[in-house]
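The data blocks that follow each hold one structure.
Both of the next two complexes hold chain A, though its partner changes from chain B to chain C.
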Partner chain A sequence: MSATEVVFYIISFVMVAGGLGVVLSRNIVHSALALIMSLGAVAGIYVILTVEFLALAQLVVYGGAVIMLMLFALMLTRARERPQALFGKNRPVALAVAGGLLTAFVAGILGTEWAQSNRDEIEPVPFEEIGDVLFSVWAVPFEVVSVVLVIAMAGAILLSQPDEGER
Partner chain B sequence: MPDLVLSEFAGVSLPDWIDALIRIVFVVALMTVNALALIYLERKVLARFHQRVGPTRTGPFGMLQSAADAVKLLTKEDVRPASADRWVFELAPYFAFVPIFLVFIPIPWTETWVVRDLELGFLFVFGVLGLNLVGVVMAGWGSDNKYALLGAVRAAAQAISYELPMLLVSVAVVMVVSARLLVDNGSTLGAVDLNVIALEQTTTPFIILQPLGFAIFMIGMLAELHRPPFDMPIAESEVVGGYFVEYSGIRWSFFFLAEYTALLLLVMIASVVFLGGWNFPFGEDVGLGLQLVLTLAKAGALIFILFWSRAMLPRLRIDQLMSFSWKVLLPFSILQVLANAIILTYDGDEWIVGVTSLALLVLLSALVYVRAKMLARGAERSIHKQPARPRLITAQDVTSGD
Partner chain C sequence: MPPLENVLVVSAILFSIGVYGVLTRRNAVNILMSVELMLNAVSINMVAFAVYGRVAFDNTFTGIIFAFFIVVVAAAEVALALGIVVRLFRNRATANVDEVNLLKW
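And then the complex of A and B:
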């Protein structure tokens, strides 16, 4: 077992543990923190796949922004005081469905012919090529995404304004 | 990098990971010594600014003061609020402190003394520094204390607001570096590599080409470190410690250690990116000795400037500092990126970049000065304004006026 495989198993363990923590935790703030753990492990997987740029982008976007947003939202509203109804009567059905989905996904992943599955080494994509292509070939989707972000921000600001007459 | 100092000392070539481990241990030891030294130095320097002496009793010239502080913190009782969320409270110091240590990986102390010369070094710095905020917010929430939560939210808001202008001026510097690399090598590979950025400053440090960038980076640095004048979230007379108010003893010392380590970290980044790091006067030619001296001298000068600004400047209110970042620094940093983009795309000379940046810096200072004068005059006027005198109006005065 090579060092890369050992590292991969450790990171996958952290990722799965984080995922289970998100779903099974009683306290919603603990779920958010387990989500950070899980997403950080995804960044580790990107490093193993030699796309370090994506790993850093994952850390910046998820660790820095999305999780901060979730934490602010959870902490500044009264999320803690409501009881969490986690386990209802349909637990066996839910378990069966989840198990079925898991087998379907794993079968699908193991059965597909991936593009690089015949090679022993991965060819790393040079990071400056991503930049070149992003701003030349894919410039229009890039601009559209930035416009969508501006719309989302403006919408959020508008939604958080107090209504007329309300102080 | 196995062909370096460590292998020479050991006499054999070490496998990559042992080499990395030894370097990491060096950096960790250096950080501990640094924290102890900076605590003592800060107190001495601040004391001199306040015309007093600072610590003198513990050890010769008070040099063992840091050790005394460390012993005190280690022997304090570990208090935890009973209703605090236990896991969040206890894990928060580690989340606040580990990312800062991780960011020491790509920082070059000399040409070859780097833990790992990462190709994406600069991006790594900003990506991982952002994880520090998770620890801050966790500390505020886990303390089960409204004021701690308030301090944590303010600290996080301040940090992300000032990170934006810092990032944009860093992008401006990387643009200059990649324009040069494109001319020299035909590809922009290595433009975010901190060692390459230091190497590109053999003749002119980037403070001359991007003075506005340096100014905004220094201001952003003060805000990221929660140092005066931006220390509203942790100010003692305001939020009594902010997000670490419920922490005592070792846990509090983690936050403290994180603050001083981040100080050295950001000062090293500023000196590598803007002042030329180990390279500027003749580092590349003369070799290791001069490089080390240059690094330490530049870091020391910037650290002294940070201590000096703590002694001199009053504290900004939270709304003042947020509006300063979003309304003043951010537009100027966007203008800087735009100016760089326009000049470099049309193959302008580099001195045009420098002059434009200097012009923007002068504009920024003028704007701040004029605004400050306006506010001062407005305040003066309201102080000297006469209070309205009560007048006696009779019914005849009112009806006779028709």
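And then the complex of A and C:
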């Protein structure tokens, strides 16, 4: 087992622990902090898979923007001021569904013969080649997604405007 | 590099955790967090296939580009969904999805 693999297993453990913290934590703010841990570990996995660009984007967008938005929403909806049941009544069903999905996935993954040659000869993915592909083959989707982002942000602003007569 | 199977299994575990969170949590923001977990699990899958199958896929990096687009669309989705949650809280004074049953029989 190489050093990279050891680091991969450690990061995976952190990621899964963070995920469990998100879904099991009794305090919603703790959930948000566990989400930071989990998404940061996902960035670590991207680094191990040699896609540093995506790791940086992940850290900036999720660690910076998304978590901040979620914490703001938690504060605005005063989630902590009203102690109450955090979980619904369908816990056994959820456990069955999640467990069944996991079993099916793992059985499928381990039952497949993956055609990988020698995994130690996989080359790192350089920044430049991703940029080349992104701005040539994927140029139109790239522009479309930026329009989507603008429309979504404008919609979010519009949604949170107060109604007439309010205030 | 870890074997491809291990990366896939880890992402399957993360996805199942997300499914469990979506089905059990009551708070809408918390459900969104679980959805983020699921999106990230899928991204890991795509990146893993793109990196391990790089030669087979002729250096096109489609999986990596998809993961990049997932990040962008997730940001848009979170902004919109949180706008809806704040709106909901203002109208109904709750952010719990099971208390929002106006359209339910």
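Note that in this section the second predicted complex is superposed on the first by the 146 of 167 C-alpha atoms of A that agree within 3 Å, B and C clash if a C-alpha of one lies under 4 Å from a C-alpha of the other, contacts with A are read in each partner's own complex, and residues count from 1 in each chain.
Convention: a residue touches a chain if its C-beta (ideal position, glycine included) is under 8 Å from a C-beta of that chain, and two chains touch if they have at least 3 such contacts.
Just so you know, these numbers come straight off a predicted model, no measurement behind them.
Enquirer: Report clash or fit for the pair chain B and chain C bound to chain A in the combined superposed model.
Expert: On the shared chain A, the partners fit.
Enquirer: Give one of first, second, both or neither to describe whether A:L76 is in contact with chain B, with chain C, with both, or with none.
Expert: Both partners.
Enquirer: Using the touch definition from the top, say if A:L101 reaches chain B (first), chain C (second), both or neither.
Expert: A:L101 sits against chain C, while chain B stays out of touch.
Enquirer: Give one of first, second, both or neither to describe whether A:L134 is in contact with chain B, with chain C, with both, or with none.
Expert: Touch status of A:L134: second partner only.
Enquirer: A:M68 in the overlay: touching chain B, chain C, both, or neither? Say first, second, both or neither.
Expert: First partner only, chain B.
Enquirer: Which partner does A:S31 reach: the first (chain B), the second (chain C), both, or neither?
Expert: second
Enquirer: Applying the document's definition of touch, where does A:P126 land relative to chain B and chain C: first, second, both, or neither?
Expert: A:P126: touches chain B, not chain C.
Enquirer: In the three-chain superposition, say which chain, chain B or chain C, touches more residues of chain A.
Expert: Ranking chain B and chain C by residues of chain A touched puts C first.
Enquirer: Between chain B and chain C, report the minimum C-alpha distance in the superposition, expressed in whole angstrom.
Expert: Chain B and chain C, overlaid via chain A, are at closest 14 Å apart by C-alpha.
Enquirer: So which bits of chain A does chain B touch that chain C touches too?
Expert: 53, 57, 65, 72, 76
Enquirer: Which residues of chain A touch chain B once you look at their complex with the stated criterion?
Expert: Residue positions touching the partner: 3, 27, 29-30, 33, 36, 52-53, 56-57, 59-60, 63-65, 67-68, 71-72, 75-76, 126-128, 131.
Enquirer: Would you tell me which residues of chain A are touching chain C in their complex?
Expert: Result: residues 2, 4-5, 8-9, 12, 15-16, 19-20, 22-23, 28, 31-32, 35, 38-39, 42, 45-46, 48-51, 53-54, 57-58, 61-62, 65-66, 69-70, 72-74, 76-79, 84-88, 90-91, 93-95, 97-99, 101-102, 105-106, 109-110, 114-117, 119-120, 122-123, 125, 129-130, 133-134, 137-138, 141, 145-146, 148-149, 152-153, 155-160, 162, 166 of chain A touch chain C.
Enquirer: Which of the residues in chain B end up touching chain A in this complex?
Expert: The touching residues are 17, 85, 87-88, 91, 118-120, 123-124, 126-128, 130-131, 133-134, 137-138, 140-141, 149, 153, 156, 160, 187-189, 191.
Enquirer: Would you pull the chain C residues touching chain A in the complex into a rising list?
Expert: Per the touch definition, chain C meets chain A at residues 1-10, 12-21, 23-27, 29-30, 32-34, 36-37, 40, 43-44, 47-48, 50-56, 59-61, 64-65, 67-69, 71-80, 82-87, 89-90, 95-96, 98.
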